[in-house]
Amino acid sequence: MVMTDEDKLTTAYHEAGHAVSGHFLLLVDPVHKVTIIPRGQALGVTFFLPQSDKYSYIKKKVEENIVMALSGRAAEEIMFGKEFVSAGARGDIEHVTRYARSMVCEWGMSDLLGPVQYGESDGPVFLAKDMSNRKTYSEKTHEDIDSEIKRIVTTGYERAIALLNEHKDKLIDLAEILLVKETLSSEEVNDILGGVDRPRFPILDSFRKEHPARLEAADTPEEISAGVSDALEA
Amino acid sequence: MVMTDEDKLTTAYHEAGHAVSGHFLLLVDPVHKVTIIPRGQALGVTFFLPQSDKYSYIKKKVEENIVMALSGRAAEEIMFGKEFVSAGARGDIEHVTRYARSMVCEWGMSDLLGPVQYGESDGPVFLAKDMSNRKTYSEKTHEDIDSEIKRIVTTGYERAIALLNEHKDKLIDLAEILLVKETLSSEEVNDILGGVDRPRFPILDSFRKEHPARLEAADTPEEISAGVSDALEA
Amino acid sequence: MVMTDEDKLTTAYHEAGHAVSGHFLLLVDPVHKVTIIPRGQALGVTFFLPQSDKYSYIKKKVEENIVMALSGRAAEEIMFGKEFVSAGARGDIEHVTRYARSMVCEWGMSDLLGPVQYGESDGPVFLAKDMSNRKTYSEKTHEDIDSEIKRIVTTGYERAIALLNEHKDKLIDLAEILLVKETLSSEEVNDILGGVDRPRFPILDSFRKEHPARLEAADTPEEISAGVSDALEA
Amino acid sequence: MVMTDEDKLTTAYHEAGHAVSGHFLLLVDPVHKVTIIPRGQALGVTFFLPQSDKYSYIKKKVEENIVMALSGRAAEEIMFGKEFVSAGARGDIEHVTRYARSMVCEWGMSDLLGPVQYGESDGPVFLAKDMSNRKTYSEKTHEDIDSEIKRIVTTGYERAIALLNEHKDKLIDLAEILLVKETLSSEEVNDILGGVDRPRFPILDSFRKEHPARLEAADTPEEISAGVSDALEA
Amino acid sequence: MVMTDEDKLTTAYHEAGHAVSGHFLLLVDPVHKVTIIPRGQALGVTFFLPQSDKYSYIKKKVEENIVMALSGRAAEEIMFGKEFVSAGARGDIEHVTRYARSMVCEWGMSDLLGPVQYGESDGPVFLAKDMSNRKTYSEKTHEDIDSEIKRIVTTGYERAIALLNEHKDKLIDLAEILLVKETLSSEEVNDILGGVDRPRFPILDSFRKEHPARLEAADTPEEISAGVSDALEA
Amino acid sequence: MVMTDEDKLTTAYHEAGHAVSGHFLLLVDPVHKVTIIPRGQALGVTFFLPQSDKYSYIKKKVEENIVMALSGRAAEEIMFGKEFVSAGARGDIEHVTRYARSMVCEWGMSDLLGPVQYGESDGPVFLAKDMSNRKTYSEKTHEDIDSEIKRIVTTGYERAIALLNEHKDKLIDLAEILLVKETLSSEEVNDILGGVDRPRFPILDSFRKEHPARLEAADTPEEISAGVSDALEA
């Protein structure tokens, strides 16, 4: 497979889009490496460093992952115009559709559909892969599911466009350096994009905001445990 | 599988939600054990002690089971806010959807749909597992089924939110002690949540309310039998 | 399988419901035995004595069978209240749905749908078991079928409620004795419920009402044959 | 299999209904034998003598066959009342539905649907048996097909009711003699019902009416051929 | 298989209908032979002589083939009246439906549906045989497809009725001679129906009409080639 | 397989249509060879020289490919009239439908449907071949997909008609020479149709127009890399 010069150009901006979004979205796992050296069928890849086990799908984190995954296509649209977006976003589109379907059909994360399971599968399911095998719902419900999936994905794309427009100069910087160096480490990405403050305990922060009286003295989950431990012993 | 500190925090509140609901709902089987030590794919488990054989699915008991099963998600929403609910409720959502579908499609427990069976299966059926394999009903009927299932589940979730808000302090107490001790027995749960009066014969109580004249002298099913026995011999 | 005391109580009333309806509905086969000793998956059984071969499904008899089959659930609702009906009626609900579907889709017994077959099966069919395998009709027709099935079953349930309310004291008598003795023969049932006059030739009675002039001299099918025989010889 | 006296009574009227209609409808093949001795799953049978090969399905003849096939059920309704019709008409209902579907979906005999094929089958097809295997048409077209099939069958049933009401006395005569003798030959049937003039060449008669000028001299197909033959030689 | 006299009569008119239409429609392949000697399941056959390879399906030619294929049924309706049309047109109806479906779903010959493919098949496809296996379109589009297929077929049938009414005397002549001789060659058919001028190059004629300036000097495709050849050499 | 003279004529114009469009559309790969010598089932072929790897499906390029693929049918309509278009465009119609479906369902190139995947396949997918195997969307969404596919294809056909009308004299020249020579090389095609300026870096040109300030000094992707390289070293 030989990449043309133009393929390289569009790939660099596509990957830079993922990396910039992944850098500025605080719940997404941090960027590990970006490359425009082809791998398998992909012309480029952005790697992320998982911070936590695979079971902890928090609604807000899933939404940010959707924004990040659509930022490749968003970067193409911003830089080259709508007529020149490529089919290279195919995998990203598949990925976010699956995420959105899981939110709506498996995880009860849509207010419109409620905490109800829609669809069934024969074996174990990961990210709604086979959930549409057995359609257990009516056409009318299916329309609601479709409109929720589309709303979630479209909202994510609009956030991607807004985020990259806000950081457009950094997007161009990162893409141009990527064109020359072809692969960038997390340190190099941080140097180009600047540091950000990632919260260590975002859920705890939210807890504290919802119940200010309860946890004022504790800063980390360990300190909560320690405090309760002390109280139990007392 | 390594749990992060935040995973532990959310798991403790999720399981505490199940346990608190299970404790205060009088027809649900009593709580046996609560743990946040991971088992298989689950980050935590709340065990219940079955009081009766598997055939006795009473409508009111099934509805309370739905409330209890959704109390994990409800606890997450109350404590961390809607944006921070997790995909950990996936199994609970599947479970209550199946219960609700059985109520509507198999057990004739929906006034809207009546004592009619909706769907067919080839072999034996447990909890509507394969009932949607053969869709024997029209789209219009399917919409009614969907709206009944959603109504039952949503009502259950609202009851879970209300019940946990009523007992929020005990929910926080239980979760915090669970964070420290990791596993709690039924006695420990009772100590934290306080005792409740569980009726020994709830159906008989209801019978007595419906037909006050008939059973005034008998307090238990045995006493009814004894009374009839005496009358027959006389 | 261990039955709790409450399971026994609800089972006794469920079976008593079947037996009382079967006793007072004149075309249904007469009650043979009632028991609350568990058999297979059933907590209790009411047996009926078939009077005629399996091919003679008369519309009015089928409708009475539906009333009788739903009288178990109806007895639970009357005695314990709507909130305490059980999933034990699952088999009865499946049975009456199949009867009603056959009336509508196979036997041309619905005025709305007419003497048209709806659905096809590959092999022989008994009680519409596989008739919905091949859906040969449109959604609009399916809605009509659904509404006819629901009308037939709901009407049957309302008749069951009315019939048992009319005989409520006998229902309670039968259930209480059943709780003590566990199994009752047809004679014992008749002693408790009182005798009824079952017509020997209900179809002939109807014939006589429709065509009074024709058959005034004959009381039984044999007498008709004899009369015709005499006339032919004469 | 033992037939009760009432089964015999209803069977006799059912078969007599087929025989009377078959006798007075002029395009239907003539009655060969009627019996109420059970055969296989049938309680009775009326046999017809095919006059022509199986390919000659003329629209008017097919319509008369539908009337004849529904005359068993029609006789039950007339004699015993609507509440006492039996499931014995199941096979007749299947048969006429298949005929009506072929008229509409295969043979272009519905003005509403036109000379278009609706549905496809993999192998050879006889009387629309597998035509609904592959639904090649939209829901809207399916509604039209359903309403045409129902119109054809319902019209046939109304004609059966009218025809038997017109000949009710002969219907009763035939049924009563059948009750005694159990089997009747075509001669015996003719004796009871009286002779009818069956046209030898009904299509030719229609032709003559449509084109009176053309065929005035010829009475049979042979005479047409002979006339043309003469003309060709001349 | 024995044909009755009436079968022969209707077959003769059916085949004569095909032959007369095939004779007067100028793009249809010329009639080769007509016979009312049964072959396989057919009571008669009209053979046509293919003029060109199987790939040249021109829209106008396909439409004329549809008219010709429906002329058997049209002849029956004209001669015997609507009540006496037969199921013998089954194969013709299947054939024209397939043609019409190909025009709409494969060949882009419907203005309403445009040059879009509707449906997919796994292997090679001839005349839309398996195109409806995979329905790739919505119900709304399916309604449009149905209404286009019906419009094409119905228009073809109306043209068949009009064409045969115009040539009714020749239709009767041909049928009567066919009744006597049973098989007619193309020469005999031409003798009975009279000669027609079949265009050698109908597409070229149309071209010439559309672009009169360009091809005025050339009469055949060869002359065009020759002219261009000369011009290139010059 | 023998081609008639008229088959040759229509084939020459069909292929000339592809070649003329391919020549004047600037993003489509350049024409390599045109022939009207039959190959397999095709009466003629136009070959194109791929310029870039198969992953670079740019929206604007895909749209031009659709125009080019429909130019065979468009040439037939322009030259012979709508009544004389042939089924020879079957493969082209299949091809553009697949392209349009991929744009809408896989590549997020429809504003109406957004960057959402519609449908799923089991294995790898190329050009939406099996995407409709698993319909994951509702009927309402399906209607939107249908209308987008039809809009894309119809727009492409209208552009083909307009483009060929603009170059009609060259279309006729090319077809007539093709009739004589049967095969033309890219040089011969260029001689007949005249040269066009194909842009070397169309995406870069668009980039430059969108962000004029940024890349004014660089003319090619290499020069951008070189410039960034210099800047990094400095």
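Each chain gets a letter, A, B, C, D, E and F, in the order it is written, and its residues are counted from 1.
Note that contacts are C-beta pairs under 8 Å (C-beta built on N, C-alpha and C of every residue); 3 or more make two chains touch, one makes a residue touch a chain.
In this text, all values refer to a predicted model and were calculated from it rather than measured experimentally.
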Checklist entry - How many links in the shortest chain of touching chains run from chain C to chain D? => result 1
Item to check | Mutual neighbours - chains that touch chain C and chain F alike | outcome: none
Checklist entry - How many degrees of rotation carry the C-alpha atoms of chain A onto those of chain F, rounded to the nearest 5? => result 60
Checklist entry - Quick one: which chain's Cα centre is the longest way from chain F's? => result C
Next on the checklist: Could you classify the chain E-chain F contact as same or different, where same means more than half of all interface residue numbers appear on both copies?
Outcome noted: different
Checklist entry - Using CA atom averages as chain centres, what separation in Å is found between chain D and chain E? => result 35
Checklist entry - If you average the CA atoms of chain D and of chain F, how far apart do the two points sit, in angstrom? => result 60
Next on the checklist: Residues touching two or more other chains, restricted to chain A: which are they?
Outcome noted: 139
Next on the checklist: Can you tell me, using the touch rule above, whether these chains form a line, ring, star, complete graph or other shape?
Outcome noted: ring
Item to check | Circular arrangement of chains, read from chain E onward through chain F | outcome: E, F, A, B, C, D
Item to check | Contacting residues of chain B [partner chain C, same complex] | outcome: 51-53, 55-60, 62, 102, 106-109, 113-117, 120, 134, 136-141, 201-204, 206-207, 209-211, 214, 220-222, 224-225, 228-229, 232
Item to check | Partner chain B, residues of chain C touching it in the complex | outcome: 1-10, 41, 43, 70, 73, 79-90, 92-94, 96-98, 100-101, 132-133, 139, 142-143, 145-146, 149-150, 153-154, 157, 172, 176-177, 179-180
